[in-house]
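Have a look at the structure that comes next, please.
Chain IDs A, B, C and D follow the sequence of writing; residue 1 opens each chain.
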């Protein structure tokens, strides 16, 4: 395949990050169509990305345009239907995190991609960030011995979109924001989740709380992995002070940390004696190379048939842990992480 | 009182930190006696501290020497008897953390000090560390808004002493090492504990695990406070890479962190491109000014009758949370923190 | 102009950085030809950059290929002839630093570009680095008051190429490496050079020193600017420990620093208590976005006719200061910086 | 000698730092007398330090009080007379930096101490700071290879006292503030000064400039050492943003830096995305342990007869470099550093 022709489904903020990367910064890819139910958004996106066509639905695009792959960057509750539809049409699939609303949806996506023989990659871009990659390589090289305890923190600058406030449509912040942490802890430990315990609070956002009594914006989760590793995941949203994504791995022979807050190396010292640096304001800035890396990975996998470094099973495993955490919020006690069987050959690549 | 004459009870490592501070660096204090059942240890300590007498037991010291105050730095399970004995003899009391083995012991110590009218201060030296003090002042000044989430980490360089491996004599690492964290989270939040959930592992130390099946050396605890603040406390011991004591407070309007790992400002960049600083190797180095500050506080309170900034009730409150965490380890579910009533006027000063 | 067609002149390391950026990462640009006297180098470069033709000389390329602009990344002593030849053929010019060997060459280049009406941009990529841009903006906004003292340091990981060891062909490290510092100090101060004093040593590289008695690899320069700002520029090459480019601006109301050494946010703490980060190993990594930014600037200026943010006059002004520094090395005393008149409208844009 | 009885000469800010250290924090020392021409200052100091007597002049103190040593912390132009008088009376001498106004004065002090057989220590407290000591030890251990370039910066928070504005009474900021840098570069290089070149500006302080046309408050000095090491010393005063003392040593196999600006480990991240730490506000805070260390050194040398780690010859060598820098300011060209012979056995200990 000479050039991978991509149909972007969802022209919101995350969708445009992928769209711009594919249109401009990934050799061998072009964005040829944009799907979004909002007419103005899809028109503007198509113009910016050099796409020759735009459509209100994926169905329309499948009928009217020629392309090889879809990038799905729509609300979580739409992922399953879109991915299954794309797979049946033989299109390769890049799908944003969280993968789906429940395990059945995720399994259906994995099965649809498997039977169609198409690539299915999930948007855990931290796995392509240089710092996270370096940390993982140091762990694999045995530099800190056995992982004993892993802490992963994500705080987002803004409120999640309104549909994510509603627990009927979303698993909330632990899914929409912290699924990155659930993926990272598992990836860095090289082990699967066994049990989680979650506590949450609604402390910041007034409106979502009023509309949805289950809404929360501060969370802390204890995680237990099969190899004995303990972990703690915490999240808060909006954090106001910027985008903060950090991980700390305590090993039997040392410590690794990734992702302190300052953005850039400018240090200002003021007359009142404050030594000031700038925090990252956005996930787009913090993970610029990570987003670019995952787009390149996807295009390469589509062209070569290679299995991507982040598969549907990786999406499923993170989702299973999120679901157990959501259950723990309600039950007030630790909950086991239910691990679903997948077809042989679909095991997560790490 | 012109000079506060101190009897040091326990001439081990922590005891000698207090002894040296009181003998040399705190104006208005003198170490006049040393108690330790190990003859050589007490002789050497007395010589180093300029104390004129040494004794195998506190009883002997009370009979034969004149002093105003005791500093108790012996194993935790001996604190209650020593403190009660000192109080009955009218001696002011500085007692190392953790305060005692159970709440009844702690309550007995508080009551003994109350009825004797003597000072009772617990050794939470972090409250006197310049960084922690500054963080607390920034929180009180509203600089980060309301605390939402507090994380506190302590990792110690060496194994706890053998008596602390035995759950009959000690509440383990959560008490011996992490009671500082339990005190700090409560102090920084300005709120009381309601519920805790703890998970632990034995991953590093072979010998203690063999002798005591309940021994653990990695722990993570979720804490819930009365005002809605969530927290996470984690510990590991020995950490090998040094002494690491950090706290992070997420507020509704900003973030505060205390205590990154490097010791000193020397940065070395080597031919292989490694930019290297030095970690703190010991709590003595990391909290040098904290230890000095609490010694000064104690002497000042003895001289002036002022209530110390860390009271027996503070020791009790941290212990109550540790006890609930220990119970949670066994039960596998969250446990409420049982808060014991104390006499009016004994409420913790913060 | 729809797409800017570029002929890359010089397929060495710096040339390939520009080539890859223009071929892949700058919308609206294509590399259509490669010039290098080394056949294998130009063939490989053309293949990698998707260029349809390669030539041993610029003259050949001008005769046989169609393009709009040249990127000159050859040894310094060839810049003038290449730039003048390109200008006469009506090609826009991006030229690597240092601009030329002496002021007459630089003036000839400026005049050739002026009379041909083509863009002439010099490769001071730090002006497009996010950190340097932020620092400059903070200074312009008055955040640190008036600049009083500016220090700029560059240390390079490897030896300069052999032609740069020879003072007949090069002004040495102060030109090849530190011309960035000479540009930055002037740019950040917003003032022109008046006088410089330089001291150098040959301490590291054995072979160049043996071949060329004037060779030096450690340097420190005092600079005086017209507005009263003092500065210090220092350089060393090779530095072994990595690529180190830093600037510090002391203002009348605060301090700004840019460019501490660590690359990335991974911190490793090892059993011996060393807290380790990674240094930048190469200017390509440190200034990745700077190189990309200057390529985008060049393409935009070619397309719009806008004057670039780094002009030939900027190249001239840095060169004049370097030349005075080189003279000071020989004379042992401070030397005035001779400022050459340029045609109106050619004043440096800052 | 059981206890070293000290007479403090000069009860200003620096004097009180020494006084408090000797009175409270140095075992084996007592402050028994205070000399200051200002009655209220000496009375208050004596009370604070527990000294039993105070006098308007050293002569009075020598006649009326018994003591073993003097600590001289008066204006520089008085050092020689006080030190010579003390030496003739057989008193050991600790003298603040800069040692004296000219080399003849310094030589007279060295000779007086030598013939009286008393200790003469100069107040270069950085040599006792843990960071500087660690840096020096790393250099001596060969960790960075041969020193090639050393940069030393000092910026002070406040204006020097009025007598130091007057070039008849003082060598200005390079002496009063930067003599620490002149000492440190020489100490860290392990080599002697050969030549210096200095440029200065008056940019900040209005009043001193009006009163004294030679006054300056920004300076940069190029230094050349006998072993080929180059260096740059810079200073500014007042710096407003705090006290800033840093040194950077580039070696043939690596880099060492000491003394970044933040004070403490508290990091605050605010809603506007600023990551803020606190700068050191004062030399008293930054070099607390350095001041304490030099006081201990002095007392130990007095008690044991050992030669101090910072001798009169060290004071002389730094002064010689300052004097050459002052000469260079006037001449506008580099000036050789004139090295004065001292009696055998008086060579600087390093």
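Observations on the model:
Everything that follows uses one rule, which is that a residue touches a chain if its C-beta (ideal position, glycine included) is under 8 Å from a C-beta of that chain, and two chains touch if they have at least 3 such contacts.
From a predicted model like this one, the values you see are computed outputs, not experimental measurements.
Listed here as common contacts of chain A and chain D: B, C. For chain B, the chain whose average C-alpha position is most distant is C.
Rounded to whole angstrom units, the spacing between the C-alpha centres of chain A and chain B is 41.
The distance from the centre of chain B to the centre of chain C, with each centre set as the mean of the Cα atoms, comes to 57 Å. Residues of chain C in contact with at least two other chains: 240-241, 244, 253-255, 261, 267, 269-271, 278.
Interface of chain A with chain C (complex): residues 24-25, 27, 130-131, 134-135, 138, 143-144, 253-260, 264-271, 278.
Across the interface of their complex, chain D is touched by residues 146, 148-149, 151, 155, 197, 199-201, 203-204, 218-220, 222, 224, 228, 230-232, 234, 236, 239-241, 244, 250, 252-255, 261, 332-334 of chain C.
Contacts from chain A toward chain D in the complex involve residues 240-242, 244, 261-262, 267, 269-271, 273-281.
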